[in-house]
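Paired with chain B in one complex and with chain C in the other, chain A is shared by the two complexes that follow.
And then the complex of A and B:
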C-alpha cells in the first residue's frame, strides 16, 4: 500500500443543525507529520469540524478519508484518530497509569498485562509524568492532567490527533510551557496534530500551517507568516486581532469610508470590501491636518503596557476603536492626552484592501 | 474583619446545638430506652424495671422468632436484588440514555407518581391485581397462557416480594439516575474513542462511577424493607411474619420487653448493613 501524502482529507463535508449551517462544503487535506492549528471564534464550527473528523458526529454530506481510507461510515475508534478533549475527560475513578493504559486494556483484543505496563511506562516518560503513575487523577495539577489526556491517546498510536482547545483549561503561565511541550512531543512521534483554538496567538505560535474557519467554511489555510501578513478575507484579518478593519467601498485607487478616502497600492479579491491596516503600522501624529497619504482623525482613549510594546486605543467617528501598537524597540513610549484629537497615519503600501 | 478563634468556635457550637438537641431527644434517648426496656421483667399483666435476660432468652429459644429473623433477612436480600435488577436499567435509561434534561426529569417524576396515593392503598392495590380472580390471572387466562388461575400469586411470600419491589424500586432508581446524570458525556466518548466497546465502557467506566448511587439506593431500600410490616401483613395473609410484624403484635398485646428485644435486633442488623454498604464506597468523597 502506498501511503498517501495526506493524513486526512475532507471532501465537500457539510453539516447542518436545523437552520444553522455548522460546516459549509469543507474541502481540506492535511499532510502527514505536520502541526496544524484551526483558528476561529467560538460558535464558528471548530468543534463540530473536529468531532466530525473524529467520528462523534456524522456529516450530512461529503466524504472523510483518513490514511487514504474512506472512514465516513466507521465509528470513532476504528478511524485511528486520537482525541484530546477540552476538559481532558479523564476517568475520575482511575489512577494516572490506568487512565493511560485504558485504550490498551479495553480495546477489542486487549493487550497483555506486561505489555500494558511497559508501554504505559514508556509513555509516562515521554510526556514527563514520572512518579505520578499511582496517583488518582483528582490529585494532580492542570498541566499534569493535560499530559495524561495526551498520553492516554498517544498510547493507542494514532497517526492523527485532534486536540479541542487543549490549553483552554490551563492558566496563562502553564499554557506557554505546554505549547512548547506539545510541539516537542509531536515532533518526537512524527504524528499529525490538529489543534483547535480560539486564540490567534496560540494558532500562530503552534501551527506549521493554520486553518482559519469562518462561519463553517475555510477562509484560509496557509503557513502562519502568510496568514498573518496576507489575510485572505476581511474576517481573517479581524480574527487575527492585529488589524484595524474599516468597512467601505473601493473606488479606483482609494477606499471610501466614513472617515474619509484611504489610499492603497494593492488589492486582494474578496466578496466583501474592507480596508485593513496592521496595529503596528499605524503612526500617531499630533498634527491634525489631513496631509499626504491615508489617515484617520481620532481621539486618544487609553493605553495598555505589554512589556515589549504598548497598545494605544483611539476612538474615531461613531465610536470606532482604532488600535495602535508601538514596539518599544522603536523608541520610548509616547504619552497622549485623552480627549485630544490626533491624526493616525500609515503608508498606503501597508494597507490590505479587499474588494 | 478577622473573627477571633473563640467566637468562631462558640458559633460552631451554637450552629450544631439544635441538631444535637433534636438527635438526642428523638434518637439517642429512645434507642437507649428500647435497649433498657428489653431487659425489663415482663409478666402477663405488667412490666417492671427489674433487669433480666428472660425476653432475650425467649427470642433466641423460639423457632418461630428465629424463623421470622431468617424470613426478614431472606426477603430483604431478594427485594434488594430485585430492585437493583429492575432499577439499574431504568436508571441507566433515565439518567444516561435520555439526552434531554427535561425528559429525564419528567421520567423521574413519573416514577414518583405512585407516591401521590397513600402507602396502604398502594399495598392493597396489589390484591385485585394478584388475586385468584385478579387482573393478572384474568389476562393470563384470556390469552390462554394458563388454564387455571395461578393461586401462588397472592397471600404468599411471592406477593410480598412483588409488592415491596414495586414500592421501593424508585428509591433505587433515584440515586443511581442522579449519579449517572453527573457523568461527563466526554468521558464516555473518550473511552469509545480509545476502542472500548459498550460492555467494557459499562463495566470499567459507567458502573464504577454510578456505584455511590447504588450504595445510597441500597441503603434506602434495606432500611425500609428491614423495618417493613404492612406489606407483609396485607399481601401474605399473615403467613409471612417479618421482625416488624412481631413488634406490631407484641406491642399490640403490651409485651413491651419482647418488642424491645426485636427492635434492638433489627437496629443492630440495620447498623451492620449500612456500615457494610458504606465500606464499599467513600460517600463523602464521591458526593
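And then the complex of A and C:
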C-alpha cells in the first residue's frame, strides 16, 4: 500500500475511434474512500472512460495509475478494479450464490470452499439478499439483480468500483432506494465508487464530487454545490438541466442576445460566451413593459406539476423554450393564459455569464 | 384471399416434400422384410420375414448371398466421424472466437474457410491424395488423407454455427468475469463455453453426420473403405434386401443420435428459457 492519497490517477489519457475523439487528454485524480459521480450526456465518453480505467479498452495515449501502481498495460483481470454493468451482466447459468462467489472461486489462487461459503453468506446479508442464494439469476427482480451484481463485485474487495449507470435499468422508486443503499455500503466498506450517470439529479445526490464530461474532456470536477450553483462552462449549465442558457456576446456589463440586452454583475471565464439563469430564479410578470433589470418577452406554452414544484414552459422569439420553476413552498401555483404575452424577469446578480 | 390460393399450394408442396423425404425410407423398410434368401429387392413381398436382418449379423445359414462387407468399414466410419467431429468443433469454436474481434484480412480468411464447404468433393479428395503423396510423402489412409479432407469439409459448418452463436453472445458477462479477477482462459471455460454450449452441440452434430456419410471426398482420399464406400461397392455385384435392412438400422442409429442431441439441447435450452421468461416478467 502506498501513502498516495489518490486511489487512481489518469495522466493525459486520450482515446480515439477513427475520427471521433472519445477521450481528450484526461487528467484526473480521485481520492480514497470517495464517491464520485461522472455526469454527461450519452455519447460524450463516460462509458469509454470507465471501460478504459477498467482495462476493457486500451487508451491511445496516457497513463492510468491505480493504488500508486501503473496499470496502463495490465489486463483487466489483474487491475483489481470492480465493475458493475448497466445490464448487470450476471452469469445466467449460475445461481445467485455462485454468481456472488464466482470471483473468489475462479481467481488464480482460489479461496477454499468454506471460506467462499462464509463470505458469500456475509455479503448476502450485507446487501439484503437473504433466502435467494439458491435461486437462478433469472428468477429474481431487477433490484435484486442489481444487488447481486454489486455483491459479486464487493466480495472481491476492490478498492475502486466503477458503476456504469447501474440504476438506469431500475424504476424510479427502486432507484431511490438503491441510491441510499449504495451510499451506505460505501461508508461501511471504505471503497471508492466512480459512478457514471446520465441523470443530473442522481449525480448531485450521490457524489461527494462530480465530474462533468463534455465531448471527451473534463469540463468541471467539484463538489455538487459548486457544480450546481457555479457551473464552469455553458455546457455544464446545460447538462445540469436547471439553467436557461442564452447565446450572444458580452458587451460591458450587459450581454447582447436576440431577445435584447441582459444585464449581469459577475462573469466566468470561458471560450464560449453564454448567459445562464436558473429555472427557479426566473419570475413571470404579466406587465409586458421592459422595465428595469434583465427580462425577456415570452408566451406561455404549458406547465408540468412535479409535486414540490411546478415547471412552466414559455416560448420566446424564434421558438426558444424558457423554463421557469415555481417552488410550491413559495406560494400557490399561478395560472397563465396561452393567448397572452408575459415578461420573464430575474435579478442581474442571479445570472451566470460566460465570456 | 391470398391465403385461399397460397395455402393449398403450400400444403401440396409440404406433402411432396415429406413424401420425397420419407417415401424412399418407407419403401426400403417394407422391402427389408422380404423373404430370404430367394426374395429379391422388389415388390411383391413373397412372405414377411426378418431373414435379412439376421443375415446382416451372420445368424443365417450360409447361402449364395455373401454377408455384407461392412463390419470393419463401419468401425472405420464411426471412428473417422468421431475424430472429424472433435477436430472440426474445436477448430470451429476457436476460429469463431477469433472472428469476434475484426482482424486484418478477416473477410478474406472468412471466405477462405467457407470455401471448404463448396469446393467439389471429388476434386478435393483427389487433390488431398495427390498433395499428400507427392509433397508430404504420406500414404492415403482413412485416418490420414481422408480425415484431412473430412475436416476441411466439415470445419466450415462448425465455424458458421459457432459464428452465429457468438454473434448473439453478450460479451459483457466476460468482462464482468475479468473484472472479478478471473483470467481470460478461465473465463472462457467457466462463462463463455457453458453459455455457447448449445452451439457446440450443433457443430458436433453437423460434423459427425456430414463425415459419417461423406462419399465423394473419401472415394479418392482413402485407401480403405468407409461405410458409404463399402455400401456403394456392393451395388456393383448384386443388390439384396440385406442392404435395405442395413439401411433401416443405420437410419435408426441416426435417429437415436438426433434424439440424444435433442435431449441435450432441451436441457440447456430449458435453463436458458427459464432465465428469459423470468426476465420478461421482471
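In this text, the second predicted complex is superposed on the first by the 353 of 355 C-alpha atoms of A that agree within 3 Å, B and C clash if a C-alpha of one lies under 4 Å from a C-alpha of the other, contacts with A are read in each partner's own complex, and residues count from 1 in each chain.
Definition applied: contacts are C-beta pairs under 8 Å (C-beta built on N, C-alpha and C of every residue); 3 or more make two chains touch, one makes a residue touch a chain.
Predicted, not measured: the structure shown is a model, and the values here were computed from it.
Peer 1: Putting chain B and chain C on the same copy of chain A, do they fit or clash?
Peer 2: Here chain B and chain C cannot both sit on chain A without a clash.
Peer 1: Output check: A:282 vs chain B and chain C. Expected answer is one of first, second, both, neither. What do you get?
Peer 2: The answer is neither, since A:282 touches no partner chain.
Peer 1: Looking at A:80, would you say it contacts chain B, chain C, both, or neither? Reply first, second, both or neither.
Peer 2: Only chain C; A:80 stays clear of chain B.
Peer 1: Under the stated touch criterion, name the partner, chain B or chain C, that contacts more residues in chain A.
Peer 2: Touching more residues of chain A than the other partner does is C.
Peer 1: Which holds for A:163: it touches chain B only (first), chain C only (second), both, or neither?
Peer 2: A:163 contacts neither chain B nor chain C.
Peer 1: Between chain B (first) and chain C (second), which, if any, makes contact with A:142: first, second, both or neither?
Peer 2: second
Peer 1: Kindly list the residues of chain A that each of chain B and chain C touches, one partner per complex.
Peer 2: Chain A residues touching both partners: 54-56, 75-77, 81-83, 85, 87, 89-93, 102-103, 106-108, 152-153, 156.
Peer 1: Contact residues on chain B for chain A in the complex?
Peer 2: Within the complex, chain B touches chain A at residues 184, 186-187, 189-197, 200-201, 204-205, 208-209.
Peer 1: What does chain A use to touch chain C in their complex?
Peer 2: On the chain A side, the touching residues are 54-56, 75-83, 85, 87, 89-93, 102-103, 106-108, 136-142, 145, 149, 152-153, 156.
Peer 1: Can you tell me which positions in chain C touch chain A when the two form their complex?
Peer 2: Its residues touching chain A are 170, 172-173, 175-184, 186-187, 190-191, 194-195, 271-272, 274-279, 282.
Peer 1: Which residues of chain A touch chain B in their complex?
Peer 2: 54-56, 75-77, 81-83, 85-87, 89-93, 102-103, 106-108, 152-153, 156
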